[in-house]
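In the two complexes below, subunit A is the common chain; its partner is subunit B in one and subunit C in the other.
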Partner chain A sequence: MTVEKLRLIVEELPPELYSKVRSAKVRGNDLRLVTGIDDLASLAKHIHGAYQAPLVTMHATDDRAAEDCFKLYVILSPKGMDAFVTIIAALEPRSQRFVSLTPQINEADWYEREVQDMFGLEAIGHPDPRPLVLYDDWPQGEHPLRKDFPLDRRPPRVKGEYPFTKVEGEGVYEIPVGPVHAGVIEPGHFRFSVAGEPIINLEVRLGYVHKGIEKISESTPYWRGTHLAERISGDNSVAHSTAYCQTVEALASAEVPERAEYIRTVMLELERIYNLIGDISGIALDTAFSVGAANGYLLREKALNLNECLTGSRLLRSVNVIGGVRKDLSANDREKTLSALVRLKLEFEDLVDLMVTSTSLLDRVETTGRLSTEMAIRLNVVGPVARASGVDRDVRRDHPYAAYDRLNFLVPRGTAGDVNARTRVKIDEVRESFSLIDQALDGMPSGPIRTVVENIPAGEMAMSLVESPRGELVHWILAGKERPYRHKIRDASFCNWLAMEEAVLGNIVPDFPLINKSFNLSYSGNDL
Partner chain B sequence: MDEETEKLGEELKRKVREVFGRSLAIREVDAGSCNGCEVEVNSLTNAIHDIERFGLHIVASPRHADMLLVTGPVTRNMEIPLRQTYNATPGPKMVVAMGSCAISGGIYRGSYAVLDGVDKVLPVDVYVPGCPPRPQAIIQGILVALGKMEERKGQRS
Partner chain C sequence: MFKFLKLGVLKRGVQTKPYPQEPAVPFDAFIGLPVVDGAACDRCSHCVSACPVQAISLTDEGVEISTARCIFCGECAEVCPQAIKMSREFELAATSREGLRVVYRHG
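Right, the complex of A and B next:
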């Protein structure tokens, strides 16, 4: 069925594009089109538009050793299909330029800036070609993801300054914030342009926690890669490691035992619960609603304790291994989980009651930090943030993995796109997670929890999407010998940061921390 | 209630009074962590651990701080902000390197973008192992740092 639909995409191509496709192959649920670098933009634009296919990821590989060229990969996800279209285009031999997709596909913006930094390939016609990942004092001509750049090379600092967007006018001034913030959060720089209280422009400057994770992964054997994946964004350990394991399992065409899929589902939902309760408590905290915050963080602590009880790690580390999970859930574990969840559910409803009936809280969250549906789609926002703006997308339902296709759940949605809507969506998602864990524990079959995965064929590529608590995240691997040749990671935050710049416009500066908290994006996952 | 926390906490309270007279102000600096350590630092202030009752405050500015609690392997991009934060902290001051990355660079060690640990940049008083360390381990680490501070104070007088 999927294969036919994908074939149809090729057949439906307009003749002028059809003639530009050099090869078209379907591999599983992935249609792989090879085209020339000059036709990449028009082909991608056609599929993006005709099938309402958001950009899943866009990245490059350095194939100069074998084929004397760099390659670009554009991956799109046609609406209503559990399938993907991968467009592959090789740059001309020794060429380091390609025509930018951003004027056609808005969401390609940061991806192309990343490719420029990490591979030194110039996106011609990009509206904003400033560096994204590498810092102001990084020397020109050094591009970490090129194969001739050794992992441990640390180039000297050079003089450089990042050109922030300047807003000028009478009474306009700038507020620089960060990278070291007042709260216990990750580092990032926010440059506000304001006149009086309302924000006229916000520029988010990230990259402070860039650790070179993609490069490290290229020299990390698969079995250790799981540990690295858990440390891409610490509070999304299970989501990232599941995506990594699923990708490697797909490369080896390995079947994970059903019981392991159920256990992964339980762990993924436990992770969602403690993250989203943390978000909700944070919103209470940032509206100075201390009682709500104290109650919320107490619940989160209980959730973290349950995690530790089951796995030995409060952040659910080392749960996943390639081929399944490390530790089984015993009957005793099941009982412990169920009884802890019964209490947690009741207390969570008390917290919700407390919050949604507090007028002082509602006054702060309603109409604050609005993100319209149009903007959410235009920027390809993902996760609870997108759903609060009315976008109906959830990887668990649209591209099911683990045991999600055997469980029932709703995908909560809002319409207003303000802090209130995001809070409500997160509240509803916690409720769904409770139900999902109950169902998964009930339906969990007996059997092995792990299969041996070996013979991962070099040269193959595979991809996996996972709905993390922050939204859709992607791992894409081109296999090398015993380790990835290229490992592309895209955290949900990478899609959502630009939306923050939009959502704060017209709001007053004191509401920024609140809006930021309602997005709760990862800096580490974004910077890699 | 967490028994371990309570026990450590009482000891901490006593020591904070001895060494600092009343309270200890801590500034947390993320120098490139994966945010796992931040989850646990935030847990220190929840109602279970509630370190404020032992006289520990997580403060908003290094200028108010007696101690820097540094997480992460120190990325190239955070080296300068970290040094600036240290310089903005009034002496006498302590530095606690929290988590495997802060100790040695951890899983990111050897990468082009990190400096392999806090002690490559700042003098570190105490290392708290763990990935991430549990809240009790952080409290324990702070206690050890206070002990070192007490020794130094004793040597001076």
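Right, the complex of A and C next:
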């Protein structure tokens, strides 16, 4: 069925594009089109437009050793299909330039800037070719993800300055905030241009916690990669490690035992619950609604305690392993979870009741930080943020993994796209997560929890999408010898940061922390 | 007002624990400091190669674990169930780098 639909995409190509496709193969649910570098943009634009296919990821590989060229991969997800279209284009030998997709596909913006920084490939015609990941004092001509850049290389630092967008006019002034913040949060720089109180421009500058995870992964054996994936973004450790394990399992064409799939589902939802309750409490805190915040954080603590009780780790580390999960859930664990959830649910409803009837809170969240549906689609925003703006997309339903295809759940959506809508969507998602855990514990079959995964063929590629508490995240691996040749990671935050620049416009500066909290994006996951 | 009372002390009671005056006992499943049984260790070094962060080394004295490096993943206890257990010990703070070395002597 999927295969036929994917073949139809090739058949439906306009003749001028059809003649440019050098090869078209279907692997599983992935249509792989190989084309020339000059036709990449038009082919991607056609599929992006004709099938309303958002850009899942865009990245490069350094194949100079084998094929004397760099390659670009553009992966799109056609609407209404559990399938993907991967367009592969090799740059001309020794060439380091390609035509930018951003003028045609807006959401390619940051991906191309990342490719420029990490591979030194120039995106010709990119509207904003400034560095994205590399820091101001990074020297020219050093591109960390190239294969001839050794892992331990520490290039000399040079003087440099980042050209921020300047907004000028009478009474317009700038407020630089960060990268070091007052609270114990991650580093990021926010440059506000303000006229009176309202924000007229915001520029987010990130990259301060770049750890080189993709580079490290290329020299890390697969089994160790799980631990690495858990640490990409500390509060999304199950989501990232599930995506990583699923990718490696797909490379080896391994089947994970059904019980392990159910346990993964339970863990993924436990992670969502503690994250989203934390978000909701944070929103209460930033509206100075201390009673709500205190009660919310108390609930979050109880959720963390449940995590520790089940797995030994509050942040659900060491849950996943390639081929399944590390620890089984006993009958005793099941009882403990069910009784803890009953209490959590009741107390969560108390908290919701308290929050949604507080006029002081509602006054702050309604109409604050609006992100329109059009903008959310244009920027390919993901996760609860997108759903609060009316985008109907959830990986758990659209590209089911683990045990989600055997469970019933709703995908909550809002319309207003303001802080209020994001809060409500997160509240509803917590409710759905409670139900999902109940169902997963009920339907969990008995059996093994782990299978042996070996013989991962070099040269294969695979990808996995997981709906983390922040939204869709992607792991893509091109296999090498016993370790990834290239490991592309895209956290949900990478898609959503640009949306925040839009959402704050016209809002007053004191509402920025609140809007930021309602997005709750990861710096570490974005910077990698 | 009623709502605040409903969520307040009346319903919830005291939620905190008198730690450190009284010891805090973690859950049974808690993964804390790896403990090596020196008598059961045959110096096969499987734990050393299983450790993803090079926290374990075999020295003349015995087995040394660096709590500065350890990420408490449990890989070592998985490859060597006879000699290594993940204990529930979590009070691992030290005032010097030397204090982050835990040595388990042989025999």
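To be clear about the criterion, the second predicted complex is superposed on the first by the 528 of 528 C-alpha atoms of A that agree within 3 Å, B and C clash if a C-alpha of one lies under 4 Å from a C-alpha of the other, contacts with A are read in each partner's own complex, and residues count from 1 in each chain.
Here is the rule we go by: contacts are C-beta pairs under 8 Å (C-beta built on N, C-alpha and C of every residue); 3 or more make two chains touch, one makes a residue touch a chain.
In this text, all values refer to a predicted model and were calculated from it rather than measured experimentally.
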Three-chain arrangement built on subunit A, subunit B and subunit C clash or fit: clash
Which of subunit B and subunit C A:455 touches, first, second, both or neither: neither
Touched partner set for A:298, first subunit B, second subunit C, both or neither: both
Contacts of A:360 with subunit B and subunit C, given as first, second, both or neither: neither
Contacts of A:326 with subunit B and subunit C, given as first, second, both or neither: second
Touching partner for A:144 - first (subunit B), second (subunit C), both, neither: first
Which superposed partner A:446 touches (first subunit B, second subunit C, both, neither): neither
Subunit B versus subunit C as contact partner of A:211, first or second or both or neither: first
Touched partner set for A:408, first subunit B, second subunit C, both or neither: neither
Which of subunit B and subunit C A:23 touches, first, second, both or neither: neither
Subunit B and subunit C contact sites that coincide on subunit A, given as residue numbers: 227-228, 298, 317
In the complex, subunit B residues that touch subunit A: 28-43, 45-49, 58, 60-62, 72-73, 75-78, 81, 84-85, 106-108, 110-114, 131-132, 134
Subunit A-facing residues of subunit C, complex: 3-4, 6-7, 12, 15, 26-27, 29-31, 52-53, 71-75, 78, 86
Subunit A to subunit C touching residues, read off their complex: 224, 227-228, 291, 295, 298, 305, 308-313, 317-318, 326-327, 350-351, 353-354, 357
Residues of subunit A touching subunit B in the complex: 135, 144, 149-155, 179-180, 182-187, 207-213, 215-216, 227-228, 231-235, 237, 278, 294, 297-298, 300-301, 304, 314-315, 317, 522-524
